[in-house]
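Two complexes, one shared chain (chain A), two partners (chain B, chain C).
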Partner chain A sequence: MSLARRARFDRIIAEAGIVLLSAVLIIWTIVPLYNMVRVSLQEKEDVLASSVFPTSVSLHSFYTALHEGYWLLKNFWGQMGNSLYIGITVAFLTLAIGTLTSFTISRMRIKHGWMLTNAALMTYMIPMSFLAIPFYSIMGKYGLLDNPIALIAVEVTFATPYAIFIFKQYGASIPHELDEAARIDGASPPQIFYRIYLPLMAPALVAIGTYALLLSWNEYLYAFLLLSSDSSITVPVGLGKFLNSDEAPWNYLMAAAIIYALPPMAIYYAFRRKMNSGLTMGGVKG
Partner chain B sequence: MTKFSRRQALAGMGALTAASTVRVRSAKAADPVNVWWTQGFYEQENKAVIDTMAAWEKSSGVKVNLTIMNGADLISKLIAAMQVGDVPDLVHSVTGDRFLVPKAAWDDNLVDVTDVVDTQKSEFHPTALDASQFYNAKLKKRSYYTVPIKCSTLMEEMWRPLVQEAGFDDKDIPTTQDAYYDFFQTVQDKLRGKGKRIYGLGFSMAAKEADAGTLFHAFLVAYGGAGIVLPNGKLNIDDPVVRKAATTALERLTTPYKKGYVPPGAINWGDVDNNNAFYAKQIVMTPNATISIAVAQMEKPDQYYKEILTTGIPNGNDGKPVPGILAVSPCLIPKGAKNIDGAKALLKSFIQPATLGNYIKETRARYLPVMLSTVKNDPYWTDPSDPHRPIAVQTGLVKPTIPWWMNYNPAYSGVMSEQIWSQAEANITQKNMTPEQATEEAVGRIKTIFERFQIT
Partner chain C sequence: MAVATTIDKPAVAPVVSRLVGRGALAGADRLWALAFVTPYLAVFIAFVVYPVSYGLWLGSNWASYQQLFADPVYPRAIVNTLIYLLVAVNLKLALALLLSGVFMRKGWWSKLLLLIFILPWAVPGIPSFISIHWMLNSQWGLINNAIWELFQVDGPPWLDNSNLALGSVIYAHIWKWLPFWTVIFLAGRMAIPRELYEAAEVDGASVVGRFVHITFPLLASLYLVCTLLSTIWALGDFNSVRFISGGGPALSTHVLATLGIRNAFELGSPQLGMATVLTALPLLIPLVYLLMRHLKKGEVAL
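Presenting the complex of A and B:
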């Protein structure tokens, strides 16, 4: 076999391998999602059928979820509102605390400021679930059980260290000369923060804001532990109630889950370019 | 204008926070009764609780803060609450009798509710009363730490059309332990001969959730192992009769699996999966903790009345009835509850026979009443036109029953939580141990657990 033919053969083998691996990965990722959609499109009695394709397609379960037409979905939109309120508040507070901290540490050059960043990151050495009981105790002492503020406080606690780290790394790419020039023009630190630092941090803000939103959007452990009443729980806890029964209407559950997954998907696709640059930038600057 | 320093401002904020905390805490310590209740299977079941609480609220003038939640979540949340000392006043947990109460009573973390039980003591089923007593290691005495609300015992569900397709009729189904389960292996052979891809037995065998443990212990009792723990709390596993029963139970559960009469996936089944396999007609029969499989099909009259057949557990190989193990879902009051008197008053009202009977009825007989008068006074429970409910009543309330062994010693709760016997089944099916070896290993672990719970 000539060298050229050998090289071509190797390239074909490599490409075939890549295609095969990609196909496996795509199937691995898509099958659960497909199954979710398949179940949501079937009537209750058909969901356990072993057929790969829906035997009879129906949008009935989506209609039921949208109109809160099943007793376990009676407060679906209220729970959606709670998830949204908690998610947006967590994202806002994480951004506020993260940007102010990173600005203070890196731009105002506080002595030993690096220690704060490292100490915050050390909190990730303890798994979230290990802190569930201590947090429950703290919130109980402050009378915050069954109050969304408790969940917001917990989620902000977990999101902030990562936010500070990314903001600090990303902020290092913004030249200090810009701050100095602004200072010469008479800008105070708050003005530098609002007019120079924040606009230049936009990609990182989008990335971390989305990260914080999704962290609380998908949270289950702390949500069920800290929230109790039907009026305060979030959608994941509400959907968890389906799993109490051995005859769960899986089609309603899947339809509600798909509806619940739409807002974060929309946010991701709206901001995905900025997210990518925001998340990768921190990795090369330091 | 007076100017505040930063330190003064911080001190002021601290004082305000402290004041607001005190205000909230003192408000919580007032009159309302905080209730956590395990969510029902049906909307009407929840509604029965909500309505009863509302009626009591009206008559007593005491507010009830009722939170209904998923059963698994409730247990986790209650454990968290008990650890931090901020507990609800009253809790109803479906599986609490097996996994939470025994240890909590042992540690003196529950309020003694003997005065509540006493108000209806003559009404309660004797086994339900036994199942409500637990040992308190601090006070060194056994007492009522739970109030029985509803109960259940193992039932057997099967597809009548599949049995018929194999050439048999209802009356061909044997009534003794070994012959009963062997019969469904024959049914499988006949159906396979007709080209059906089906399994005869739907045994739950996973080391998780409750069904596999319930099934193993029914077998253990059937082979004579009911005395594994004595009523005085002593472990009796070295008794040759008990040891032999355990080995036989393991052997009789795992051999059909190894021979291909149980679906291979059964070693991973959660509590819902045998139901699903049954509905998908992957299996001919399955033992289940309640008659939920049939009840779930109540709105399909053909299936409910004609196709699904329910039987109680088979008799022993000697033809004598085998006692069913009665699981009792209780109400309890955790120690540290702020309104114990309110919780007890509410409970006394809730266990009035008529009130409790109405509530249990809304479970559609997934659960049985704990009062025999409920069954006697309401024809709903004995309706001869219903093919499932009267059989469940017979099995759980009329035929002999025994409580779970954690009522005698909380160590058995650890045996259940660690899924010791399901692990033993896995050792046989996955690691090729003999039933004797698997029993020996399980016994060793059980003895270790019991060492921590010595009743003197």
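Presenting the complex of A and C:
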């Protein structure tokens, strides 16, 4: 009897612990995000109010951001477009280069495939920010400063190594007999690549495409260095410019930041399972 | 264990293997292979080999190191970098390892909690960091407002004191990246066979005992690889410092990555900037070497 009571007592303690831990985790996670929403819902004059909850809730700053009604938001939609265009191009190029390389390394059994794998591994381990200085100088020499091509090039460079690992690992589950059968039927390498390899790699393509798109959408440092004119910058660079202005239009800044953050969040949650299956294969570069 | 371990391929195998060519590729296939790897090789040479060599050349000027070592900001940046790497990475990974256990619980609640918990990872970094920066403002920030409402005292000047500012940067880093590593360890834990825990339970092992004798030994290798990888990434982390403290107050919270960019672009000396960044190599090279060795052993797939 007392044993049963003891067990019940233990369970209650455990349940209470879980409730407490959950509360701590939720508060920890939500506070910075709540702050973002709180500030975005205030009028410009109330931004400096010392309150925990928004004093007068209004969607005015979202309206302003959507209608580019503030000088720092002048080209907000243009910047969203730049981010999207660069992100999609990066995703497409990463998929193309990554699949071609992994196909050649693991399916065509080229002699020095391991060298390519090692090159990719090395690239993966170079901290991106350390290459920013020479990369900027080189892009200056090529005359590509303030040109989205420069940013696309660097994003593809740093997204491809991870793509190659995942494709190699995922591709290992596709039986070689398929290639061999196609071979006997007289298929050429491009046909095997296009007709057999790519369709079977579809789940990995979705995972890596999403990864490359998000990597590029979230990039700040290189976008900040390589792009400068108002018409070519991406959203994070535009948000960074707010910080350097003397005024404090924090409500506009936060509204624009939320609008910018929503699409990747939607993509993230929609493709979470695919991304997670990519994760269990290894680790995603955040 | 694995489902698709052995598929017997009898008579065809020898014939096919000659056709596919296990050795060197022949004729047209060789050209195709070359054509297929050309894009990657081009990217690698133009955007990795060339910038790396150019960077090393920029950083090969002895005078810029003399200038760097004479700069009082530099030793401070070294100390900050080390503190940042040691505290942020290890605290984050230890928490992630423990928290991943919480999400192993069955039921709708832990699934929902995980969905909320991964928000910082799903939200792009820049908006979050800007929000944290404003939240920590000592006069108008949410945190000090809350402290005032609760206790009627002024909160600390988070970003105007160099120790607190560095602490704030570490907080932002952990907030942003904790979910990612937790999910990695969660995947690691899920790969551990249930039977081990059931057997331990039969033997009367406690929760702590099961963690010490089963979970940790089996995840140790993953944990080490994650520590190395996370340290390398944190070494190159620019955004947390840039947006939370901006290197301030009075340049006291710079790390090597941000100081390098500052020296190269704000002070307009790419050579000085490159020299700053290259002084991280004595730390970076052993980390990369260790990581490569562990990945080669193949215990942990990347």
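In the analysis below, the second predicted complex is superposed on the first by the 251 of 286 C-alpha atoms of A that agree within 3 Å, B and C clash if a C-alpha of one lies under 4 Å from a C-alpha of the other, contacts with A are read in each partner's own complex, and residues count from 1 in each chain.
Note that a residue touches a chain if its C-beta (ideal position, glycine included) is under 8 Å from a C-beta of that chain, and two chains touch if they have at least 3 such contacts.
These numbers were taken from a predicted model, which means no experiment stands behind them.
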Is this a clash or a fit when chain B and chain C both end up on chain A? clash
Which partner, once the models are overlaid, touches more of chain A's residues, chain C or chain B? C
Check whether A:264 is in contact with chain B, with chain C, with both or with neither, and answer first, second, both or neither. second
Looking at the overlay, does A:165 come into contact with chain B only (first), chain C only (second), both, or neither? second
Should A:132 be classified as contacting the first partner (chain B), the second (chain C), both, or neither? both
Could you tell me if A:228 is touching chain B, chain C, both of them or neither one (first, second, both, neither)? first
Looking at A:145, would you say it contacts chain B, chain C, both, or neither? Reply first, second, both or neither. first
Which partner does A:71 contact after superposing on A: first (chain B), second (chain C), both, neither? first
Once chain A of both complexes is superposed, is A:245 in touch with chain B (first), chain C (second), both, or neither? first
Tell me which of 169-177, 187-195, 259-267 or 367-375 in chain B produces the clash with chain C after alignment on chain A. 259-267
Chain B/chain C common contact set on chain A: 48-50, 132-133, 136-137, 225, 240, 243
Okay, in this complex, where on chain A does chain C touch? 18, 21-22, 25-26, 28-36, 38-39, 47-52, 96-98, 100-101, 103-105, 108-111, 116, 119, 121-138, 153-154, 156-157, 160, 164-165, 169, 173, 175-177, 179-180, 183-184, 188-190, 193, 217-218, 220-221, 225, 236, 239-240, 242-243, 250, 253-254, 257-258, 260-261, 264-265, 268-269, 272, 276, 279-286
Which stretch or stretches of chain B touch chain A in the complex? 21, 24-25, 28, 36, 38-39, 41, 43, 46, 67-73, 76-77, 80-81, 83-84, 86, 271-272, 275-276, 279-280, 292, 296
Complex contact set, residues of chain C against chain A: 4, 7, 9, 12, 16, 19-22, 24-25, 28-29, 32-33, 36-37, 39-41, 43-44, 46-48, 50-52, 54-55, 58, 99, 102, 105, 109, 113, 115-128, 130-135, 139-140, 142, 145-146, 148-149, 175, 177, 180, 183-184, 187, 190-191, 226, 229, 232-233, 235-239, 242-243, 257, 260-261, 264-265, 270, 273-274, 277, 280, 284, 288, 291-292, 295, 301-302
Complex interface listing, chain A residues touching chain B: 48-50, 71, 132-133, 136-137, 140-143, 145-146, 224-225, 228-230, 237, 240-241, 243-248
